[in-house]
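Both of the next two complexes hold subunit A, though its partner changes from subunit B to subunit C.
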Partner chain A sequence: MGYPHVPHQKETPVLTKHFGEAEARSLDGWKKRGGYRALEKALGMAPADIVNVIKDSGLRGRGGAGFPTGMKWSFMKPGDGKPHYLCCNADESEPGTFKDREIMRWTPHSLVEGCAIGSYAIGAETCYIYVRGEFTEPLEHMNAAVKEAYAAGILGKNAMGTGKRVDVHVHKGAGAYICGEETALMNSLEGRRGNPRIKPPFPAVSGVFGMPTTINNVETLAAAAPILINGADWYKKMCLSNPKSTGTKLYSVCGNIAKPGTYEVVMGFPFKEFLYDLCGGPLPGRKFKAIIPGGASVPIQTMEEAEATIMDYEGFVAGGSMLGSGGVIVIDDQQSMVGVIARLARFFAHESCAQCTQCREGTAWATKIMERIRDGEGTMEDLDTLLEISENMTGKTICVLSDSCATPIVSGIQKFRSEFEALIHGKKFHPVMAAVA
Partner chain B sequence: MAETKMVSLTIEGRAVSVPEGTTILEAAKQVGVLIPHYCYHPGLPVAGVCRMCLVEVEKAPKLAPSCATTVADGQVVHVHSDKSLDARKGVLEMLLINHPLDCPICDQSGECELQDYTFQEGRNDSRYREPKRFNPSEDFGGDIVYVPNRCILCTRCVRFMDDVAHDTVLNVSERGDRAVIGKFEGKDLTNVWAGNVVDLCPVGALLSKDFLNKARAWELDRAASICPNCTQGCNVMIETRENQVVRMRPRPNEEVNAFFMCDYGRLNYRWMNERQRAETPLVKMNGKLVAADWDVAVPAAAKLLTGNRAHIVASPMLSNESLYLLTQLIDTSKGAGVFRVAEGEEVPLPGVEDLALRRDRAANVYGAEMLGFKKTNDVFAGAGKGDVLVVVGEDFDGLDASSISNAGDVILIGPAMPNWIAEKAAVVLPTTNFAEEEGTVTNLRGRVQRFSQAKAAPGLSRPTWLVLGDLLGAIGKQSQFFLPSDVFGKLASSREEFAGLSYDKLGFKGLPVLNAKAGAA
Partner chain C sequence: MSTPLAAPGHASHGAHEPYVKVFTGGPRKELDELLTRYPTKMAALLPALWMVQRERGWVSEDGIAEVAEVLELTPAYVKGVVTFYTMYHQHPVGKYFIQVCTTSPCGICGAEDVVKALLKHTGAVELGQTSPDGKFTVIEVECLGACGFATPIMINEEFVESVTADKVPEVLARFA
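Entry: the complex of A and B
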């Protein structure tokens, strides 16, 4: 959906508040909207106090894993004589996810401010914003914002006149899904091939350039500013269900739905209401069939599961999936599940970094089988083979790309087995026939 | 040195105690458990990518890559549990889906880790029904050809070139199952250390052009030896087929060459198969060399030496044993011993301390010097009128008749016999070459290392040490040796640098002589 975009009344715009206002992109416009007050406040605080505020707020990583941000920040031990780094993961390439893109497109200064706060809080030498290579427009806005911030003395040796040094750099990726994996991102940032590294050592011990590093998602860092301004309690109170999930979350909704776009709701919002009310429900004459709620790598939900889901970290797990990146992919009855899953598998096969055997070979093998089934050439043994390959691809590799490829296949076969079997038994998927049935 | 903390754990029910920081894979080796692996190699940085070495560690949520997981106190590791076996079976199946399974025509067959582990614990069938990926073979330059279809992307070759040879030639190109080992534009595997990638490759993806299609692995006989082509003394295996040397490969020795050897040494083995040589003892009668028995030829040589000064030209390829016996001949005849050595450019391997292709291109330069032989460019210059010229093991490269025009009687002991010297020689005693006899050589750091016989010599050739022992006996010295170890025993008892050393103590890793020169400067 284009902008200007009037938020739905049930949304809670915090980060999306100024989406659609072109003026907010400039420093003046951003300042007019209260920008950089949080940074000013932060620079007046002790770093440890900032970390505590973030801890108290209950903010958790918005990139997919949901790790408590305050705790992550507290892993950085200042004074060990090493340079520390903050990385902002703006390599948003999870299929179906485009929330970070919108943040960078409309409010680049909110991210610069969040990065500056984070850098100061963890005592980072420098913050690197790693922007996905394909994000040409957001990159332009980010570069302009950082330039403006330096020119205005907000960043630099004497940040906001406090005598404290805060540096933020924008780095353009070269376009690889895997560089969104934190250690692959670090390799890429260092100029190496974007291959995930073996953990341990974790980034907090040895990250960028082998130095202690914290890496956060765009949305996570952008949330730091409103939390500092409004206080941890304000953020913590934005919670409709499980107290472990607080604040607001951006969801980018796409697929077969009436109003695709980026939405911001409070943690614990009912998914059914979100889909049918905020997003306008299915397209005319169609029915929802399945939902992939957190980007391509989370398990597929049936509509029964989705409609009973509460939108927070725990709620999506209870609903048979994961919150992931908040990239909601809606699949309706006009789509062949096998086709959708085959396409997802192809994506992962294409993006595998080729390090681990199971991922390099497994993703490609699974894709070939999926496409064969899709084309009506499958056998029943293929389903067992797929499940076994998926088992071999799960939990055995350096990063989770291969798990991500296996996830939709396994959940697809488990939840939509009849579609697979129909194709295997010679019934080609026909959208019109499917709609009638 | 700070005391290293020891960590105790159990691997496959066997208790083991290893220094902190050791990996599970290395700890397992110490209790005799080989955890199957491909990408791990002790001489390279850990990559952890093949996922073959996954083992079950009790209380750990996931299987652990044992090459990248360090030991912890009280760990209980299961290498052959169902869970780990299933995981490895899965890896093997995946490695084989695009593999051409062309073992019958693959050079690696018989010494292939993919073959071995598949036999050991892989599936006996494949569930792969799709067309296999195909990529054409590629000439990587130097001695190396790349067969991508067999490649398992373990990246050992890439890591060797990057982190050991410090010459970034190779990379992983492309992603997913399209990935292959690539060569950076304009670069070739011409580095003098590049041949090691063939040894490192666990499958038949990187092959030596020199060895291509020469032999099946199971047809080869192998002898532990020392590379005789420079003074580094890299430990090697000389591999022969039907009494012909077809390949030399490095033999690990942390003290000398780690796991590597250079291509100069590796490919310089053809002289070991040389057939243009002396095969029968010869004695000059009525101005002509005629074939003679050993028990005629040796006394004939002894007769020439009696009462005359001997000028001895020894080859720096000779063993310590032969050189030692020659020193006795020098002592008896109040003579002198000299040698010459071919020289070349020194090329270090940056990733390994004190390992280089050395300037002096012979095995025992240090041993010869230690035993009193003088290095000179003109080896025949010191031969006075009336001196007996004894030439032992010399290859005569670059020499001709003019160089010995002043010499008196010439005794030729060695495998090589150019026509021009045959005219001058009074006695010819044919001996075996480096690959055909047993002995020890001393490398440039003073390390004494044994080499064993890799092939049989042609004709009536005898080992140099045996011939020299007999010759000494014939001129009246107390000398009777049945084995090279006997000669070495005598050497050890009479030269203080070798005191306390014996073949048994040397083993096949060698030991330094007393007051050996320090390692890397």
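Entry: the complex of A and C
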């Protein structure tokens, strides 16, 4: 993917509109592009009215679960005398996902603005942007943007001269996928090991520092500004499918595909057109075999499923998977599905925080068995064992990392069983085999 | 490719050299400013550990003890936190610490070949080992959040995107 970013004509650039324009990173450059008009408008509104606009717009969380953002914001009860917090989840570590990174690299002020709007709307005076430690360049741009916003009086005790306090701080993580889970992020922010917490209590009751907290993904918060400026109806209309999924969505596309990169399309866009047209289709001489459309934690799709999918929250479910984080991993006929899944299992085993037995043991054993099959030393019973372990890893733990490890294994065995069996029966994986299957 | 950042090339203090305290003068002021951002002292733990690593190249037992003292925590507690996160070095590392992503999305785009080329051209030979000249340490890491730029590697603080096995010598030349 090259920059400057030239959007495909079928894209609808809202959040990606200024990607590739280095000038947009500075406060002046951002203001020239209409920046901070939304915050100014927000600070002149009653917080509850902002929450209502977001509710009306139909915006749903872009971090993975798709929870309605306006509803989440309305759980915060201002005026109880306690400090309230907003956390921005910029831990982006889900394999296949790199869209938040691009938002922070190219339009850091869009996130500062979104965080300030969100904070004001939920009655939080402090917002922490938790950025994964490996994101050195995004961190540099975010720190610079926050500094500029303070110097210009946009943030601080008297935000934009309104007498309202809005503080935004950037907090650097230190390497742990699990810190993207919301309660693990809060523990990490407090200076603890990043172990997820048992819920309830939910963050809106007791979040970071034991205080009412809302947590949102980078893309979710960045979307708040254009919604406030253009209105809920404008956002709702950006949809080709069903009214439960509205607006634009960023997809980061990677793996075996001609044009990897970050794309922004309206909800309801046909996935087939997206893959073959916008993203340029397969690499020369190759064929797509499978897609993991929403980051490593969602079920694997066969091409038949993927090509019939409508890109929205409900559409990906109907297509046998989930929208998830929008991290589209494309796997072609040169790859062994068993190899891909074994490596994903190893990822989850490495990232398990090890609090729950099912997860700690399950991810480790699943990885061993997957690697054994990959290396041609598996047995047919191993497949049953894998399914049984997966069953025990699902729905039984403090967070869903455990479930996420089981997901590619179960969907892989269901949809690509012949590849597992071929390896078990002593046939080494050969790319041609997949092409024939 | 990402905008090049200033290559830090920090010098690691050795495991047996005397420890020089970090939180005096400028860094102390920096920490005091950080403390104003949070309602508890403990919340400055990750940032304080980052500062120790920046100043000393790694987080030693002495570094842990110093952080514990300034934040009014126990060394055992601080150590428990340090060991949870993968980015704090618990041992001195080469002048250039190289992290290569090998998670599936990069794996299917040739990340393993990049690892092999890095081990060969740095002279580090094995993952986690430092090259005999003390310059390079290479490790495999999980997804770096830049999967569309396979294979991304990190050399200290600098991100290098779209590295392929044959580009490795050219990339390393900048750090020789």
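Here are a few things to note about the model shown:
Definition applied: the second predicted complex is superposed on the first by the 431 of 437 C-alpha atoms of A that agree within 3 Å, B and C clash if a C-alpha of one lies under 4 Å from a C-alpha of the other, contacts with A are read in each partner's own complex, and residues count from 1 in each chain.
Methods note: a residue touches a chain if its C-beta (ideal position, glycine included) is under 8 Å from a C-beta of that chain, and two chains touch if they have at least 3 such contacts.
Please read all numbers here as calculations on a predicted model, not as lab measurements.
Contact with subunit B, but none with subunit C, is seen for A:395 once the two complexes are overlaid on the shared chain. Once chain A of one complex is fitted onto chain A of the other, the partner contacts of A:132 are limited to subunit C, with no touch recorded for subunit B. Contact with neither subunit B nor subunit C is seen for A:228 once the two complexes are overlaid on the shared chain.
One of subunit B and subunit C touches more residues of subunit A, and that partner is C.
In the superposition on chain A, A:362 contacts subunit B only, with no contact to subunit C. Touch criterion met: A:96 reaches subunit C, while subunit B stays clear of it. In the superposition on chain A, contact of A:352 is made with subunit B only, not with subunit C. In the superposition on chain A, A:193 makes contact with both subunit B and subunit C. Residue contacts after overlaying the shared chain place A:172 against subunit C, while subunit B stays out of touching range.
Common to the subunit B and subunit C interfaces on subunit A are residues 176, 193, 350-351, 353. In the complex of the two chains, the subunit A residues touching subunit C come out as 1, 83, 92-98, 100-101, 105, 132-137, 140, 167, 169, 171-177, 188-194, 209, 252-256, 260-262, 296, 327, 329, 331-332, 334-335, 339-340, 343-344, 347, 350-351, 353.
Those residues of subunit C that touch subunit A in the shared complex are 2-3, 5, 37, 39-40, 42-47, 49-50, 71, 73, 80-81, 84-88, 99, 102-105, 107-109, 141-150, 154, 157-159. By the touch criterion given at the top, residues 176, 178, 193, 198, 349-358, 360-365, 368-369, 372, 381-382, 385, 388, 391-392, 395-398 of subunit A touch subunit B in their complex. Contact residues on subunit B toward subunit A in their complex (touch as defined above): 46-52, 54, 62-63, 65, 68, 87, 90-91, 93-95, 97-98, 127-130, 133, 152-153, 155, 171-172, 174-179.
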